[in-house]
Each structure stands twice: as C-alpha cells, then as structure tokens.
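Take a look at the structures listed below.
Below are two complexes that have chain A in common, paired first with chain B and then with chain C.
And then the complex of A and B:
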C-alpha cells in the first residue's frame, strides 16, 4: 500500500499543465480506477479497505477537477498561491458596469410584470453568451501561453479572466431564469 | 523448519440480492460464472416482499405471507420499502393509500404494528433478507453471510443506511449497496456490447430510476442518474383500486375501503387485470366479497388515460438525466427496461419516443436486477475480473449556512467515493461546540432539502472567536453513504464528532436488533442442518432394517454383523442430539460397514433374478 499523492496532477502522473488531452486523461482515470477502486479491496483487511476508499475518493475528486477546464485552472491557480476564487467574482468588472446597470433595469421591469422588457433581455442574453464565448477563447489562448512560458504573470491574467467569466456566467443564469420563469 | 502454512481456504461466497418493493430475489454466480436466480422452497424465484406475523408468533415471508394479506391483514405488511429511511412526518401521503399501521410514538423512526408486536422498516426488511438467505443456503448447501444488496439509484443517505441496517439485522455482511439500474446494466453488459452509451429505465413497484452509463471495455461509468423514490406500479394499482371502490360504493351502497381483507382481495384483482392489459386490449376486473360480486370491464384505452400522468412523471427525470449526463439523445445507443411496470405497452412507447430507440427487453425485467447484483457479487469476490462499476451519488450534499441557505459540498452525479473538506471555526470566545447540519438535495434553502444528520463537533479547545480551525471531511463511500470525520487543523488531532441522524436507527438500536436476531438466524441454520441429517439417518436405518431380512445378511461373518449392530446403535444414540456433524459421522460409519452387505444383496438379487429366468 504505497501512499497516494493528494495532488491531483501527481496522482494522475501528469505535468502541471493547463491544456490537457482529455481522452488520455480518461484512459488514465479508468486504469487508476481499476487499480484503486474499493470493489477490488472488499475482502481485504480493514486498513486496506480504508486505503482504497481514501485513494479512490482523491482519484474521483481529481478527475472531476482536471477534466473541467475551469475547475482545472482554479486548481492550478490555487497551487500557485492565487487563492481568491469566489471573492473576485462579486465585484463588477469595470468594463461591464454600464451593461450590468442596464440589465438590472430590464430585469426589474420584467419582474414588475412589464413584458415589454423581454426583447431587451433577450438581446442582453445573446450579448452575454457571446461575451462568455469570447472569454473562453481568451482562456484557451492563455492556457497555451502558460504551458509554454510558465509565467506567473499569465496566471494573474487567467485569475482575472476567470473572475470575469464567473460574473458573466451568473448574469446569463439570472437572465435565463427570469426569461423562462416569466414565460412559465 | 516448519513451512509457513497458507490457508487458501474456500473463497467465501457472496450472493446478490434485489430487495424490491413488490418482490425480492437472490442470485449467485454459477460454476460457469453466469449469473442465475435462486428459487425459493416453493420453486418460485420471486419472493413477494410480504411479511406476516402468525398468531403463534412465527414470522412468514413470501407467497405464504401474501395469502395472509387477505386472511390476516392486521398482521401482514407489504411494500415496506416505501417506508425505509423515512420519518413519521413524511409518510402521511403514503398512509392515505397504503394500509400501513404506524404504531404510536413513531417519530424519526417509524414502527409498524403487526398484531401485538411492532417492528421498524429495517427489521421487516431483515425478515425478507433472512428468507432469501435461507433460500440461498438451502440451494447452495452452505452458509451464506455476505451479500450485495440493490437499492434504487435515487435513494438518499437515510434510505441507504436503513437498507444496510436491515442487512446487519438479518445477520448478513452487506459488502456493497448497488444501484438497481446500474446492476441491470451489468447484467446486460456482461456478454453484450463493449462500448457505447446506455440508458436504463427502471420502473418498479414503488420506485422509478433512470441512469445513463458509458460502457468502455468492462468499465461501467454512470454519467448521471435521476428518479423518484415514490413512483411505481403501486401507484397504478391504487388508481384502479380507487375506481373500483367507488363503483362498489355506489353499486352495493357500502363503503368497503376500511375493510382490510376486502381491499386486499380487490388489490389482487386489479393487479391481475392490469397485468392482462399488457397483452389484451380489454379485460374485466372481477371481485367477490362476502357473497357479493363486482365486475367491470376496462379497456387498454381507459387504462392508459388513467395512468397517463404517472407515465408522464417519469419523463421529466429522464430529460434532466440526459442533460446532466452531457449527452445528446442521439448519442444514446441503447435503452434497457427494468422492473415489472415496463411491461405496460404505454410505458414502452413513452420510452421509445423519448429516447428514439427501441428498448431492450431480452432479459426478464423482474430478474435483471438480481442477476446484476450477482455479477457485482462476483466482482467483489474476485471471480469476475474485467468488470468495474463506477457509480455516482444521486443527490447533492451540502451544509446549512447563515440564513438557512445550503452551501453545496459534493454535487449530484459526482462519481463515488467522493469527498469534500470544509474548515469550521467558532463564533464566540471559548466556544466548545460547533453544530453542523448536513442536508441532501438540490434546493437553495435548507428547509426544502432532506435533513441527513446533525454533527456536533465537541470538546473544541477554548480559544478566542474565529481562532479554532476544525477541518471536517465529508466522504461519500462506494455505497453512497456519508461518513464524516473531523480534525483540529492546529493540533492535527482527531476531533470527536457526535452524530444525530435525522431519520433512522442509531448504531445502538441496530446492535440490539442484531444480537437478538443473529442468535436466532444461527439457531435456524443449525436446526435445519440437524433436521436434514436426521432425514438421512432415517433413510439408512430403514434400509438396514430391511436388509436384515435378506439372506445376504446371514452370509456375513459374526464379526461383520456385530459391527453393523454396534454402528446402528451408535447412530440411534446420537440421533436425538443437535450435532448434525456427529449424526453425519455415524451415518457414514454405518454406511461403510454395510457396504459389503449391500453388494451381496445386489449379487443375490441378480442371481435370483437369473434363476427365475426361463431359458
């Protein structure tokens, strides 16, 4: 029973990179599952069972994190000391101030039963979805850049993009909730 | 030097059990490594999940108990699975439709009144498990103590815990709880497709599950699961019963809905009619009670109108499951149907329409879960090597935070085992305890989710407010059951956690029930073995008695005759002991000493037969 690493990258035997080959990750996940899954330890000693349980819990948590590019980036940022996560997403990114102000007005109107705000909201939704796509494309570029240069400044950049993305995502969710909720 | 002794022993057998709402089954892997269902004493593979307490105080399970539903409705219970892991407060709806007699004083744990005694749902389920264990032992001729037990995928923590408790009370080591649709996929996938995406639609007697799996070279990875733990064939039966009761009320001028025996007889009648309607376009519900007769024709068309909303209720979870799995409908290669209710043509059509694929029905929908449980049992005991199940937790796990809002720690559809660590601190100077309320569900507010338990972190070192750091680890194991451990992050020492489950039995309660029942279970097993040994002894004693009349007996030497007489007396001496091994040993001895006699008798028989033959 060799102790397993609690570091997600190390557990998978991967370099600490932001761009990962997902089919390769899945292959590693299946193979490691075959090795550590509690089903393989059912008739073993209590210690070995606990070992399998703990190792597989890390493995599953790791796979969940690494296969999702955003969670993966958050994880790598945290590893590198950029640990502000949620906090950053509560502040409105300055470049979005005006849009968010208008959006909130429209949301208020719709909530107040004024259906004429609907087209404006549809418009806003499209705009924010497009914005999110742009952010995702920026992120991919930065991922490649970081993997190449291993530059902390790139990580700082990614930190900012992730915060902006979370903020935009919340906006999209909120608008969609209002639009479908009001229609129902 | 003494060589090291390695006891390879005999691999202990693990059976697979489908503990169903309506029927329960036990399966095993046969010598050829094929899953197979074990029949009961009456030859029936399905053991009705019905338990009755006779007036003599014996517990009877299965087909015989089903008969008692009509004769002794107050001493008989069915569909107990609906009450597993639930509190008295949340079964009020159930009570309108099911004749459960809840004993007074039931709160976080329900107690069911059977005659003069009361039992918790895990105890009643344990009676069913014990019957299955007995069936397996009789069939396999060896003690059975280890099992895989299936549960609906959408069962919450308390329902899973209650099922595990039932196993413990029945004297079984439940090695794993497996989700029913996943088990079904295992049964199907064993010799079918190697790769692809499969949906399993499981509509049983009382529960509905939908799971979507990715199959890859022996790995069964559940992508998402959804369902409703209170939706199934029972609901359809209740609709039909309701209509018939109204008819009877107006035709006979009498409301019979409070007569347990009448309702149970009627229940039987509507179930039979429902089952026929899957094969014919129209049938009659026929029912007689105290000399009066009721009959009503029901067409499939009327039936379908009646159950349309029930079938419809399964589709929402299906759509959500597809979405959560992150697949498009077109990517789903196959749909597998599980559970007796999927025999209904309307259900099949609905599934076919939604998934745009013809569902698979090659395996008996009543047996497929038990077969899959047997496969999983094979995986755990190491006899099935290439297969591995990766299942998920059906519900998100969270803790209550300020303002009654839930903070999610482990999201639904996370592969299990899954864990999350959260650090807690104190709010006032010198605070010694922190109470953590753990919930399961998808809603924002704590009050809308299922309360699992309250964990009390005790004996925290007294420190200024906010200085203590208690790291709590929430771990959902491979059974889908939550384990909580805590440690003081400053000192690294283990922090004691006091668990108060919101529903269900405490460990002490389960222990008490186990010690009471294990004795009995062992007693039962031994009694059966002794009875079997005595039957064997009777057989050989009768044979020897008869042989003494034979000429061949006189041909033996005095010594040989003396030996036989001595062995015979020794067998008679141990006959009434309760040591089956001793009885068997004496049978063996007598058997060996009469070997020559038996041979001689055959020879005599042959030669006398020849003598009698005219040439």
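And then the complex of A and C:
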C-alpha cells in the first residue's frame, strides 16, 4: 500500500498545469476508480479497506475539482499562495469595485419596475453574459500563458480575473432572478 | 442559517442608505469589496468643522450580513470624531449583530470601508492645505 497523495494533481499523476486534457483526465479517473474500488478490498484487512475508502474520497474530490476549469484554477492558485480567502478586500482594484457598483446601481433602478423595464433588463443580461464570456476567453489565454511560462505574475493576473468573474457572475444571477421574477 | 433579529432589523430597515457628494472636500468615500461572495460596499462620511462625523451614508450590494454590518457602522459613525471612528473594530460589529463565523468577513468589510472612507477624507484635507496656505 503506497500512501496516496492528497494533492489532486499528484493523485492523478498529472503535471500541475491549468490546461488539462479532459478526455485523458476522465480515463485516468475511471482507471483509478477501478483500482481503489472498495469492492476489490472486501477480503482485505480493515486497514486496507480504510485505505481504499480514503483514496476513493480523495479521487472523487480531485476529479470534481480538476475537471472544472474554474475550480481547477482556484486549486492551483491556492497551491501557489494565491488563495482567495487570504487576500482580503485590499487587493481588489478600485476601478473594478467602481464598475461593479455602478452596474449594480443600474440594475437596481430597473428592478421592481413594471414590464417596461424588461427590454432594459434583457439588455443588461446580454451585457453581463458578454462580459462573462470575455472573461472566460481571457482566462483561457492566461491558462496557456501560465503553462508555457510558469510565471507567478500570470497567476496574480488570473487571481484578478477570477475575482472579477465572481462579481460578474453575481450580476448575471441577479439580472436573471429579476427576469424570471418579472415573468411570473 | 438563520439571521439574528438585529441583522434582520437592519436588513429590513437599513439606516442611512444613500450617498453624499463625492466631490465635497469634507466627504470621505470608502469603496470596498469581497470577491469571495461578490459583495461591494460604499460607505461615506461627512465631517464637520470640529472634526466630528455629521453624516454617514452607505450603499451595499451583498448578503444580509453585509448590509446589516454597513448599516450598523453608519449608525455608530455619526457623532464620533475621526479618530474614534478608526477605533471601531469588526469584532464590535460581530458582537452587536451576533454574526456567525461564516459571516465575520462581512464585518471585516465594514471595518475596511470605515478605514477607507476616513483615509479618503484625510487625503482630501491634506490636499487642501497647500491651497489654503497660498491663499
């Protein structure tokens, strides 16, 4: 029994990269699932059974994290000391806060209005979704750049983009809530 | 998770929502945010000639605890001197609102907003000094 690694990349035997080959990841997942499947350990010692259970638990968490590009990026950032929880509000650029504040204000004005506000809400949704798509495209570019250069400055850049994405995701959710509420 | 009565009270009846003239040299503006949850909080103070905070306003987009924390902060700020305002700690807000551990960051955000608003006010006052000296 080799001790299993609790590091998600190491568990899968993968390089610590931001761009992952998803079909390859899936193949590795199924192969490891078979390897650690508790059914294969039923006749083994308690210790070995526990080992299989622990490995399976890590495997599932690791797969869930690595197959999702955003969760994967958060994981790799955390490994490298760019944890979102550690940075506090001081590292959010003021321009971003201003922008998000203004967008929220505009959304609030549309809120609770009658049906005449609907086209403006639809416009706002389009705008926020387009912003999210732009962010995702920026992220893909930065993923490639990091994997190529392994530059910590790129990680700092990605941290900023992910923060911005959280704000924009909230705006998308808010406007969608408003649109479905208005339709009811 | 249930909100405390005090949080609900501030959430349902937020105090001092609004904004002050950002360009006014006696107004300090603090804009802070928590990317974890996508909250953004604006807090403003207006300081009178004696250095006492005469008005405080806020506008927060975020969860109930973030709104309650900033609402409470503006209540506390009014009538305090600038230095007394800086002494407000996030733990005071946590205790007053009985915030659970997962919501402590909302009180940190409010403390950061107070500090940002005061430092903006101080910066504006510093900038004004040379102009007055020349006059």
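Note that in this section the second predicted complex is superposed on the first by the 154 of 184 C-alpha atoms of A that agree within 3 Å, B and C clash if a C-alpha of one lies under 4 Å from a C-alpha of the other, contacts with A are read in each partner's own complex, and residues count from 1 in each chain.
Just so it is clear, a residue touches a chain if its C-beta (ideal position, glycine included) is under 8 Å from a C-beta of that chain, and two chains touch if they have at least 3 such contacts.
Keep in mind the model is a prediction, meaning the values are calculated, not measured.
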{"item": "Partner chain(s) touched by A:56 [first = chain B, second = chain C, both, neither]", "value": "first"}
{"item": "Contacts of A:94 with chain B and chain C, given as first, second, both or neither", "value": "second"}
{"item": "First (chain B), second (chain C), both or neither touched by A:42", "value": "first"}
{"item": "Most chain A residues touched (candidates chain B, chain C)", "value": "C"}
{"item": "Touching both chain B and chain C, residues of chain A", "value": "none"}
{"item": "In the complex with chain A, residue positions of chain C that touch it", "value": "31-38, 40, 42, 59, 61, 108-109, 112"}
{"item": "Residue numbers on chain A that touch chain C, as the complex places them", "value": "84-85, 88-90, 92, 94, 96-98, 100-101, 104-105, 108, 162-164, 166-167, 169-170"}
{"item": "Parts of chain A lying in touch with chain B, wherever the complex brings them together", "value": "30, 33-34, 37-39, 42-43, 53, 56-58, 60-61, 63-64"}
{"item": "Complex contacts: residues of chain B adjacent to chain A", "value": "12, 175-176, 216-217, 219, 221, 376, 379-382, 388-390, 414-420, 475, 477-478"}
